[in-house]
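Please find the structures below.
In what follows, subunit A forms one complex with subunit B and a second complex with subunit C.
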Partner chain A sequence: MAKERQGFTVWFSGLPSSGKTTLARMLEQALKQRGYKVEVLDGDIVRQYFSKGLGFSREDRIENLRRIAYVAHLLSRNGVVAITAAVSPYQEARDRAREMNERFVEVYVKCPVEVCIERDVKGLYKKALKGEIQNFTGISDPFEEPVNPEVICETDKETPEESLQKILKTLENLGFIEREEGEENAYSEEEEAVVRKRLEDLGYL
Partner chain B sequence: MHHRAQDRRVFILALDGVPFSLLQTAFEHGHCPTLCQTFQQQGTFREIHSVIPPLSTVAWSSFLTGKNPGKHGIFGFVDRTLNPLQTFIPTGRHLKAPTLFERLSDAGKRAITMNVPGTTPPRPIQGVWIADFLTVSLEKAVYPKDLVPDLKSLDYRIDVNPLLAKENPGQFLQDLREAVDRRVETALWLMEKYLPDWDLFMLHIMETDRFLHFFWDLQTEPTDAQRFWSFFDFLDQTIARVLQRLPENAILVSLSDHGFGPVKKEVYVNTWLREQGWLRFVQDPPKGLEDLDSRSKAYSLIPGRFYVNLLGREALGSVLPEDYEPWRTRLSEALLHLKDPDTGAPIVRRVYRREELYHGPFVQGAPDLVALPESGYDFKGTLRDVPLFQTPSMSGMHTVEDAYLFFQGVEIPQDVNITLYDVTATVFDLLGVPVPQDLDGRSLLEVAHGI
Partner chain C sequence: MAKERQGFTVWFSGLPSSGKTTLARMLEQALKQRGYKVEVLDGDIVRQYFSKGLGFSREDRIENLRRIAYVAHLLSRNGVVAITAAVSPYQEARDRAREMNERFVEVYVKCPVEVCIERDVKGLYKKALKGEIQNFTGISDPFEEPVNPEVICETDKETPEESLQKILKTLENLGFIEREEGEENAYSEEEEAVVRKRLEDLGYL
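Right, the complex of A and B next:
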């Protein structure tokens, strides 16, 4: 079962369709494989369950992020890795989240708005551009670039796997996760030789 | 089939490589009576297709994650790293998506998995995880570890000894039977004694694949056919011990991961690349891909996976990014013109481009082209300078077509196409767990009758 380790918070921020959810889910999987307990607080899901009624005004958004930061705090102090994936456009709100969470890593998922519009995973940019959605970050509401994030993932230039490796490396460097040499190797050299031989005998190599 | 989802269990019987057509022939001739009776009861029994190329670890990884390899990262029994350029044996550590077992475990369900290719090393779940034939010892194959002594006392076998197939076929057959017998006995102990309140049980039998690789040709010789079918009759009797004791609320799903067919010739496609002047090494025989000469244009890994030696991607890349597409086209056309020198018949049925087969964050590990052979041509991947065509060392090879699926009580209309990913999604649905939205399949219960 999952090892007893200290929790921490990974706070993703970035424009809609920049790749936050993809990276958050990949990070979740990578950390689970290393034996961590992980919970992802996805912006959309959070809004459904405990921020219902809050809108997209600056005030409401800051309140929504405050709630997410508090839940992340509750989780991480109980040994769970809390990964948040909400747009979180305001520096003020991100600063507060950092104050609330001692072990905190901010990941800025950077992607030009033109590329996000092209991706438009949920079709929201289209609506925002037509004026059907108000206060839409990147179109009709500002995204304040993070001042000092621990990691910047440029998702228009890097593959998701490269971005994931950057995040894992930072978590290792901060001592939040253990450095596992040869992490991906299930075999020692001798064992790999045995397995290769077996596969050769079976005609699989 | 009247149980509510929360009271249901699912038992998955995985018979590696068993063709749909072989089961039909067996049933027509009175072989495998238990499977015949079981698969012909209410439900769906039909042919399905494997992944392309049809490899067991890839097919089962795709099934276990419900996703195409571009989303889980396993593309073969051997894959390559780009820098340094070399091959490695991927394991479950390289599987970058959660499995059915882990997701069910997260949803509070108990799962038992035995022997499924791609499940080394074991991962912690609420239940039991026994890894596959790519584990080096029983001690490293099992979660939770305290099960190791029990499995030893049950004389559990991870795999047979493949060397025996050539050295002593009679003993190899005996070895296969013993391994199946022990696995089934262990399965019974796990399902009735160790964890009787399991929700999902997946029992995988590898020995069918082993048997068909080495003994496919027995069925064509009248004098040997008896030996061929007696193996399947033995299998049937052994599996019957489990099937007869499945709890009343368990739904049986059974499937294979690919079909099988005869091998005519082994084709060493890297030799062909060498002959075209597109592949060379700094020394012969090369130690591995790391000895690739940087002027090389392409290389291949088994079976029929072709990679452009791309500048900026491969450590020793030579093909400029703007020449990537022209090279893929050139390779693809040349492959389609490759002929059997004895008959003049084409060897390659179709060449797929990467984007036709894979999508997702891990496509970087995927081949640029996959050549699907005409029936009977077995593409090999050795880098050594060997003859292009060789007499096969084994008589059976994997096929994309002719895998099978049986779904007890779930009647799926004939015109509905079924993928491995759909089967995964359906298992979630049957167990009352919401089907994860990131799967590449959908629950067949949406279109089925019966449940």
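Right, the complex of A and C next:
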């Protein structure tokens, strides 16, 4: 049985194919192993359930993100870790999500668009570049770089495991998750320093 | 701190002004007092967060109820009691909500439309009768009577407290909530008989 603990929201943002879903799923597994209740609100799942009648205009995207933020709020205030993994391209929408969720960590999955185009997990960049998809983030719609993310994962430079450890370390340093026993040795000094620097810059430490 | 327990969904349905929200809020309080985590997904809250772009056509109402059912599913599978209190006029939508939610109790808040018109909590019947609101359930849009609700609360004949006790008793008999200590005397034989009869008719007992 999952332990009874406070929930929180981990809000991923990043270009299509930057690695959001991969990291969200890895984080889900890592937290479940530690006994947390976790729900991943993946962009596709959310579009399937909440977005009929919404298109890809700025206004509609913001509305979509507002819905995700609200569901995350309902879950996290009931002890669940809500992990969202939508593209989430606008600062305004991310700010609102943060306002709606008291215990909130923003993870910017940073990756140059050229690398994302090479990966093109769902083949959508190809279509967007041909003009077959309109308002495609990174090609024909802007991605506003997050101004205050607690974690930045550079997925063209780090392994997924390294990115995951940064996120876990940040959650521990913020007191959102408990430090694992004997974990002192689980991270390199370098990883630890990167995370601490980031949280210091943000004024948390 | 709330005890760690399995969640479930209580799905209210009934005409506008039949008493859904009153009973949902009373049930919320009663369950919170017993230590459960509870979220009420009220029709108005849901419309505010999830329904932009949806109108009041049959199709759009079904889509709206599908969203409520999905949020209830996310909550209840994480140990939360999800209480929904939308009009929920179509059997098809209620059936789908039941399919989506394993631990599910349907409460039909039954009240003659004449009584609802007299109550007219939000003044909407008045407008609907004047033709100022279209597709208003009970006036210009059908309410399909639930065919298999676990509980029927007749709010023109019962007090709210009596209705609440029926619901709690049903939740206990289904094993969704624990029987309170010393509770044997808390219900009249008559109340107990009504609830047992209903669950027998549905094949639960």
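By our rule, the second predicted complex is superposed on the first by the 182 of 205 C-alpha atoms of A that agree within 3 Å, B and C clash if a C-alpha of one lies under 4 Å from a C-alpha of the other, contacts with A are read in each partner's own complex, and residues count from 1 in each chain.
Assume contacts are C-beta pairs under 8 Å (C-beta built on N, C-alpha and C of every residue); 3 or more make two chains touch, one makes a residue touch a chain.
Not measured: the values here are computed from a predicted model.
Within the superposed three-chain model, A:Ala30 lies in touch with subunit B and out of touch with subunit C [touch as defined at top]. Once the two complexes are overlaid on the shared chain, A:Asp95 sits clear of subunit B and of subunit C alike.
In the superposed model, A:Lys52 lies in contact with subunit C only, and not with subunit B. Once the two complexes are laid over each other on the shared chain, residue contacts for A:Glu154 go to neither subunit B nor subunit C. Contacts of A:Glu192 after superposition on the shared chain: subunit B is touched, whereas subunit C is not. Once the two complexes are laid over each other on the shared chain, residue contacts for A:Glu172 go to neither subunit B nor subunit C.
Of the two partner chains, neither subunit B nor subunit C is touched by A:Glu144. Judged by the number of subunit A residues each one touches, B leads among subunit B and subunit C. In the superposed model, A:Asp120 lies in contact with neither subunit B nor subunit C.
Touched by subunit B in one complex and by subunit C in the other are residues 1-2 of subunit A. For subunit B in complex with subunit A, the touching residues are 77-78, 88-89, 91-94, 96-98, 102, 120-121, 123-124, 133-134, 136, 159, 162-163, 210, 213, 302, 361-362, 364, 381-382, 393-394, 438. Subunit A meets subunit B in the complex at residues 1-2, 22, 25-26, 29-30, 32-33, 35, 159-161, 183-187, 191-192, 194-196, 198-199, 201-205. Across the complex, subunit A is touched by residues 1-4, 37, 39, 49-50, 52-54, 60, 63, 66-67, 70-71, 74-75, 78-80 of subunit C.
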